[in-house]
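Here the chain labels run A, B, C and D in written order, and each chain numbers its own residues starting at 1.
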Amino acid sequence: MPNDMSNTPKPSIFKRRESDARSYCRGFDTTFVKATGSEMTDANGDTYIDFLAGCSSLNYGHNDPDMKAALVEHITRDGMTHGLDMHTDAKGDFLRAFEQHILKPRGMDHKVMFTGPTGANAVEAAMKMARKATGRTNIISFTNGFHGVTMGALSATGNGYHRGGAGLPVGGHVTRMPFDGYMGEGCDTSKFLEAMLGDASSGMDAPAAILFETVQGEGGLNAASAEWVKKVCDLAHEHGALVIVDDVQAGCGRTGTFFSFEEMGITPDIITMAKSLSGYGLPMALTLVRPQHDVFGPAEHNGTFRGNNHAFVTAQVAIEKFWSDSAFQDSLATKALVLTTGLQELADKIDGAYLKGRGLMQGVDVGSGALAGEICARAFQKGLVIETSGPNDEVVKVLAPLTTPEETFRKGLSILLDAADEVLEQHKIAAE
Amino acid sequence: MPNDMSNTPKPSIFKRRESDARSYCRGFDTTFVKATGSEMTDANGDTYIDFLAGCSSLNYGHNDPDMKAALVEHITRDGMTHGLDMHTDAKGDFLRAFEQHILKPRGMDHKVMFTGPTGANAVEAAMKMARKATGRTNIISFTNGFHGVTMGALSATGNGYHRGGAGLPVGGHVTRMPFDGYMGEGCDTSKFLEAMLGDASSGMDAPAAILFETVQGEGGLNAASAEWVKKVCDLAHEHGALVIVDDVQAGCGRTGTFFSFEEMGITPDIITMAKSLSGYGLPMALTLVRPQHDVFGPAEHNGTFRGNNHAFVTAQVAIEKFWSDSAFQDSLATKALVLTTGLQELADKIDGAYLKGRGLMQGVDVGSGALAGEICARAFQKGLVIETSGPNDEVVKVLAPLTTPEETFRKGLSILLDAADEVLEQHKIAAE
Amino acid sequence: MPNDMSNTPKPSIFKRRESDARSYCRGFDTTFVKATGSEMTDANGDTYIDFLAGCSSLNYGHNDPDMKAALVEHITRDGMTHGLDMHTDAKGDFLRAFEQHILKPRGMDHKVMFTGPTGANAVEAAMKMARKATGRTNIISFTNGFHGVTMGALSATGNGYHRGGAGLPVGGHVTRMPFDGYMGEGCDTSKFLEAMLGDASSGMDAPAAILFETVQGEGGLNAASAEWVKKVCDLAHEHGALVIVDDVQAGCGRTGTFFSFEEMGITPDIITMAKSLSGYGLPMALTLVRPQHDVFGPAEHNGTFRGNNHAFVTAQVAIEKFWSDSAFQDSLATKALVLTTGLQELADKIDGAYLKGRGLMQGVDVGSGALAGEICARAFQKGLVIETSGPNDEVVKVLAPLTTPEETFRKGLSILLDAADEVLEQHKIAAE
Amino acid sequence: MPNDMSNTPKPSIFKRRESDARSYCRGFDTTFVKATGSEMTDANGDTYIDFLAGCSSLNYGHNDPDMKAALVEHITRDGMTHGLDMHTDAKGDFLRAFEQHILKPRGMDHKVMFTGPTGANAVEAAMKMARKATGRTNIISFTNGFHGVTMGALSATGNGYHRGGAGLPVGGHVTRMPFDGYMGEGCDTSKFLEAMLGDASSGMDAPAAILFETVQGEGGLNAASAEWVKKVCDLAHEHGALVIVDDVQAGCGRTGTFFSFEEMGITPDIITMAKSLSGYGLPMALTLVRPQHDVFGPAEHNGTFRGNNHAFVTAQVAIEKFWSDSAFQDSLATKALVLTTGLQELADKIDGAYLKGRGLMQGVDVGSGALAGEICARAFQKGLVIETSGPNDEVVKVLAPLTTPEETFRKGLSILLDAADEVLEQHKIAAE
C-alpha cells in the first residue's frame, strides 16, 4: 500500500475530464491503487473483499503471483507486446496450452479466432460468421440476454437502457424469443421456438444462428436448464441454424466447469470467450468455431489488438495452473455449496426473495432494485465490493474470484448478511 | 534472443488451431519472439526493421524502456490491472497528463470516454453518441474510409471485402460521400456534399454527424487538404451535424502533430483514438467529446475492459515523455522529409507511380496491388516488415515507428529500394 | 353470355406476355367474361358458383345492379373519374354516407384517410402514421398475419414465401408475437406479450403500435377471441402503443358485422379497409384514424389514385343499401349457421379435420395442403370457385359473397362436399 | 352540369371527416362534379382548364368518349369487374393490344406483371424483383427522384418531407447518386457513379439495380440527357446491375413518345407504368420485365386489385386509339413547341427564370416556391388548374392532357401568363 499519498489522484480529475458514461466508479466511490487475490486496496489504505471480480473477468483473483511472474519475465526480456495477428512465441504457447488442456480433453475440434480483445467483438465476429456461413441473416436471441453494446452485439442484447443508447432502432435481423423460465413454471418456452421454426408463416425468417448464454449474467442470473439448452440446440440444427453460446461471463470456470455448457450434452458451433480468458484481467477475446463454419477469409474480420501478447502469456499460465488437472474444478463445487448456503440465508431474511443462478454465479432476487441497491451500497461501506443485476437491478449478484479462500469467502458473505440486516432494520424503523 | 529453440512454437499449431481469418502472419511467415524500438526478432534470431509499427500502434517503437520500467514497477507492486471503469491511481494519473499536455495546450474542453479498448469500439461509441445527441440517425462517411468491422463501424467503412464479411447488407443509416480528391483534380467534392445538404429533396437525410479520417490509412493514404476539411466541418455545423474525426490511425503524432487535424483550424466535436494511445501497444481506446455532446448516461455504453490500467501506466509515460515539450514533434518534420525523399526515389523507378499521404504516413502508389505486394514480400525477405494499403493494395505504405533512429530509417528505406529494384529487374527479364 | 367467341382471348397471350407471378389463373384455368351476384361465366359459357369472392373483395357479389346503375349514370353524365385528392361530389357523398351509417352509429370519431387504393397501401399509411404519432419505430405483429407485400406491410406479414420475394431481409422494426391460440389450448399467448411489454430488458423495444387481424384470412382463418383482443388492446394502451386493426379482409360484414371487432368492446386507434369497401370490386382503400393520431401533413403520404370516384359512387350505394338498417346484418347470422353446418359435414368426413374461422369467413383444416388443394381443384371442375389458405394451404376456405342466395349457397356447399367425397374415394382406392 | 345543387356536398364534410393528409383540395378549394377532355366543372358551374391532368394520369383527357363508350358497354353487359389475377377477356384484349401496338413495334420482349394498381406498387415490385434476380440488395437511386411513399419506394424517393412521414429512418439498401445536371454544367455526374462502381472500397455495395426517371416530375422537371442515360445504363450492365426506368409519370406519351426513353438507345430491364396507363384515370399499374429477370413465383408479389377489368377495357381503347399509328405521337411534337414558346414567354418575365423539362412535361423555374405558388393560385382564380414541383416547389409545371386542343392549350397558357403578370405587378407595387 502506498504511504506517499501525494501521487494519488485528486478525485476532481474524473469529474472534470471523464465522460458521464462512467459508472462503477459512482457506486464504489474511491480510488483503488492495488489488489491481490480477492482483495482490493484504495488510496486511503482501506481494503475491500471483491465479490464482483471485474464482472467475472478476474476468476483467478487479482494479480495472480504465477501469472505476474511470467508477465514480468516476458516484459523484462523484451518479449513481443503488440503483434497484430502475427505468429509469436507467446501466441503459439497459449494455443498449445488451450488445445492440450481445454479443447482436446473435451473432444472439441474448434478453430480459435483471435478477435478484437472484448466480448462484444467476439460476439460481433460470431454473428457475422454465422450469417456468412449460412447465407441467412436472422439471429435468434433471448429475453434478458446481454451480448455487448456495439451495434451488432447490441441488436442481440435485451436491455432497453443499452439499446436506447444507440440513438437509432437496433432491432434489425434479430428475433427475440423467451428464455428458459421466462413464462414461469409449467411453460416450456422452447415449444414456442419450436412452433415458430416449424411454421413457414410464423414471420420468423430462417435463422443463421441461435445465440444464448447458459446463465444470463447481466439479465439477472437466469440459469437455463440442461434440457432446455439441449432442446434449443437440437432445434437449431434441425432447422439449419448454428448454435452460438456466449460464454463471455459464464465461461472460464464460473459455473463450475471451464465452459458453462459442459454438462449439457451439446457442442456449440461457435463459442465466444473474453473476460477471464487472459486470467489476469488483460483484454483478450476469442471466438471458437467448428472448422466447417470457419468461413472468414484473411483479415475479413480484423482489428489492431488481436495480438495482445501480454494476455497470451498470462492466459497460458491460467490454463496450465488451473485446468491441467481436476483439482481446481473440484474446489468449485465445494465453494458453490458455501455460496448457496450463504445466499439462502440472505433470501430467508426477505419476503419473497429467492436464489438464482448456478455454480459461482449465484445471487438473490430481493424483489426490488431499490432494496438490492441499498444492500450493495451498505456492503461497500462495510468493505465488500458487490453489484446488482437483472432488468430492474433486483438481484444481488455474487461474482467472487473462483480462487477466493474459503475464509475470505465466508467473511464476504458475512458482510453481505450484516449489510442486509442493517438495511432491513432501517426499513422496519422507517415503516414504524 | 532465445538460444533454446525447444520452446519456440511448432508452426503447425497456427494452421491447426487458428482461424483462417488470420492474415499478417501469412505475409510475414515467421514467429516473432522479441522486439525493441524499430526492430523485431524472430525465433531464428533474425532481426527485421519494422516499417509497419503495428499499423501505427507502435508510434514510439516496441517496448520503450521508460514505459517498460513503469509497467514492471506497477505490476511488481500489485498495482491495479483490471478496474472495470472504477477510479484508480493509474487512470487518474493518465487523465491528468492527458489534460495537461494534450488537451489544455490545444484549448480543448473535451471529456474523455474510456470505451472498450479498440478503435472500432471508440467509433461505435462516437456514432451512437452523435445519434443520441442530435436525435438524427444518418451519418455521413466517405469513400475509402476505414473505421472498423463491428457492425456500427462497418457501416461507415468503405472496403467491400470487410463489408462482405457481415453476411448481411451493412449500408443502413450511413450516406457515402466522395473524399477529397476522389474525383480527381479540379473537382471539389465538398461541393457535392454542400449541394446534397442544402437540398431538401436530395434523399440525404439530415446527418447526425460527418465522420472522416484526415488521412485515410487503410484506404490508400489519401490525405485531405486543410481547406477541404475546414469546409466539411463548416458544412456539418451549418447543418446541425457533429464532426467526428477518426484519429485512430493518423493520431498520436503520425502526421507530425499529436492530432492529425491540429493545423487545419477545426475543433472536432468527437475524436476517436486508439492504436498508439497506450504507447506500448497495449489495448486502449478513447472517445473524446465536447461536454455538450457527452450524452451517455452511466454505463449506457459499457464494456469490461475499459479500465486497462497497464495501458494507463504506459500511456501516461508516453504523453509525458514525448508531448510535454516540442522536441519530439520537431523531430517528426525532419523525418517526414527523409521519408518523402526516399519514397520519391522509389516512385521515380516506376512508371506512373506517385507519392501519397502526409507526415510519417506516406507511401507510393505503384499502380497495381500485385507489384506492391511483390515489393513488400521481397523487402520482408531482406529484413523489412512493410505492408500495402489502398482499395487494390496498390500503395506501398510506410508506417515506421516515429522514434526510429535516422540511420535505421535510412536503412529501411534502402532495403525497400533494393527490393523494388530486384522486383522490377525480374519483371524486365520476364518481359524480354 | 357471348355467343361470338372470336373476341375471346387465345390463352397463349397470358403465357406469352404475363409475368410468372400470375397465380389464381393457374388454379382456375379458364377465361372469365361476365359475372353477376355469386356466379361467374367463362368464355365457354360455363358458369361457376363463386366461393372466393375476390378474396372477400366482392362481399356484395359481382356487379350489384344498384351499384351498376349508379356507376353507369355517373359515367354517362361525365362525372369525375380521376380526382387526385380533390373534393368531388362523389367523394363528399361517400363520406357523408360513411359518417351517417357507419361511423356515427358506432360512436366513432375517426378521420378518413384516402390512401392509394390497395390494402397494402392502407397498411403502409397506418404503420407510418403510428410511428410518426408515437415517435417510436417498433410495431408488433403476429404469427401468420398477412398485411400486404410492399416493403412496410411485408415486414409485418408472416408468410415466408412472400417475405422471400423481397430479396432482402424484411424483419426490421417489427416484433413478432404469437397470435391467439398459436400455442394451443391452455396457453394464453397474451401473457407472453404482457411479459415482454412489462420487462425493460426483454429486447422488445417500446411499440408504436400493435397490428393485427381479428380473423387471419390468409393465415388460415385463425379467429382471435374477444377476450384476447380486448387484452391485447388494453396492453397496447397501457404501454403507450396504438391499436391498428387490419380489417381489409375481415371487414365490410365478412364476420357478421361491418367491422370485425364490433362485438369485442374495443375502439382501435387505426383501422385499415380495402377489398369490399367499394362494394363493386373497384380499387379503393381507407385508413381510419382517431383525430389525435391524424398526424400526416398535407400530401405527406400521397399517391395518384386516392380519388377513384367510380369507387366512391359504388361505395356510397353499398353503404346505403346494406348498412342503413339491420336487415343485411341480420341475414348474415343465418347464413353463417348454414356455412357452419355445411363445413362441419365436410370436417366429419376427414380424420382430424376441424372448423376454423368466424361468421362468413370459415373453413376446414383438412390436415394437409395437398388434400385441400385436391378438393378445391375437384370443386372447380364441378363448377365451384374456392381456395385454400393457411401456412401450408391446409385450410379449405369459404369466402362466398355475403349476398349469396341461400339456395346458391347450399348448392355451392353441396358441390364442395361432393368434391371432397370424390377425392377421398380416390385416396381410398389408391391406398388399397 | 347539375342544376339541382341540393345534392352537392357541404364543404364541411371534408374538414369534418377527411384526414389532414388531404392536399390538392386545399389549393383547388372547390368541389368538382364533372369533366370532359381538358376541362373540369365544379359544383358552382364554373369550368377550369386542366393543366395538371391528374399529375399526368389523364394524358388523354377526362372521360374520353371512346373509352367511356367501351366502359359503359362492358359494365352494362355485366363484364367482369374484379378478377383478382384470373384470366378475363378484358385482360387478354388489353395484353394483345399492348403487345401489338407497344411492345412489338419497339422490339421489346418484356413480360407484363400486373401489380397492385398504383405506381408505388409497380416500383415496389420492380425493386424486389431486381433484388431477387441479382441476389444483391443495394439499389442506386438519384437526387430529387420520386418513386412513391410506401416503405420500399420511399427509400428510393429523395423528398425529405415524404421521407419524414415514415417515422423511422428510410435510407436502407439504397445509395443516392447525383442526377444528371445536379452539380451544374461542366460536371458529368455519371463519372462519380462510374468511380464509385469501379472502386471496391467506395462503400457502395454492388447494386441490384439503378433506378431512375428520365424526367423527374416531382423533383422539378429535371430532364436527363440521352448521353447521360445511356452511360448510366451501360455502367449498370457492366457492373451486373439491372436498369429500372420509372416511367410512371413520364410514360404514356408525356415526353413525346410512348416510353420516355425511346430515343435514348437503351432497353431497360424493368419499366414501371401507372398513371395514364388505363387512359381513363382508373387505377392500374404494370411492371414490365425482361423474361430472364421475371423471377417471382406465383403470387410471390400479390395483391387484390391487380385485375381491375374496367381499367383493362379503357386501356385497350387508349392504346388502339392513340398508339396504333403515328398520328398522335406526331401531334405531340407540335404541342410541345407551343408549350415551349408559351413557357419561354413566362420565363422572360421573371429575372433568372428558366425552362425545365421535355416534351409535354415542361415548366419554368421561377426561383422561389412562394412566387410559383402565387402564380398557380392566381391562375386557379382565373380558371386554370396548375401546380408547382421541385424541392422547394419553385417550378411552375404544365402537365396538360396530351389531347388538349390547340386553342384550349393556348387559352390555358394565356391565363398562366396573365396570372404571372398580375402577381408580378402586385410584387412591384409592394416593393415600391
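In this section, a contact is a pair of C-beta atoms (placed from the backbone, for glycine too) under 8 Å apart; a residue touches a chain by one contact, two chains touch by 3 or more.
Heads up on the chains, UniProt names are A, B, C, D = Diaminobutyrate--2-oxoglutarate transaminase.
What you see is a predicted model; the values in this text were computed from it and never measured.
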| item | value |
| --- | --- |
| Chain pair showing more contacts of the two, A-D and C-D | C-D |
| Pair in A-C, C-D or B-C that repeats A-B, with over half of contact pairs matching by residue number | C-D |
| Rounded Å distance between chain B and chain D, as computed from the means of their C-alpha atoms | 50 |
| For chain A paired with chain D, centre-to-centre distance based on mean C-alpha positions, whole Å | 58 |
| Chain centre separation (chain C, chain D; CA means) in Å | 30 |
| Residues of chain D engaged with two or more neighbouring chains | 137, 161, 168-169, 172-173 |
| In the complex, chain B residues that touch chain A | 2, 7-11, 13-14, 16-26, 28-36, 40, 43, 52, 54-55, 57-58, 62-63, 68, 71-72, 75-89, 91-93, 95-96, 98-99, 103, 111-114, 116-121, 124-125, 127-135, 137, 148-153, 155, 161-162, 164-168, 172-173, 208, 248, 274-275, 280-283, 287, 289, 294-305, 308, 310 |
| Chain B residues touching chain D - in the complex, by the definition given at the top | 137-138, 141-145, 156-161, 163, 169-176, 178, 182-183, 187, 191-192, 195-196, 199-206, 219-220, 390-392 |
| Interface residues, chain D side, partner chain A - complex | 168-169 |
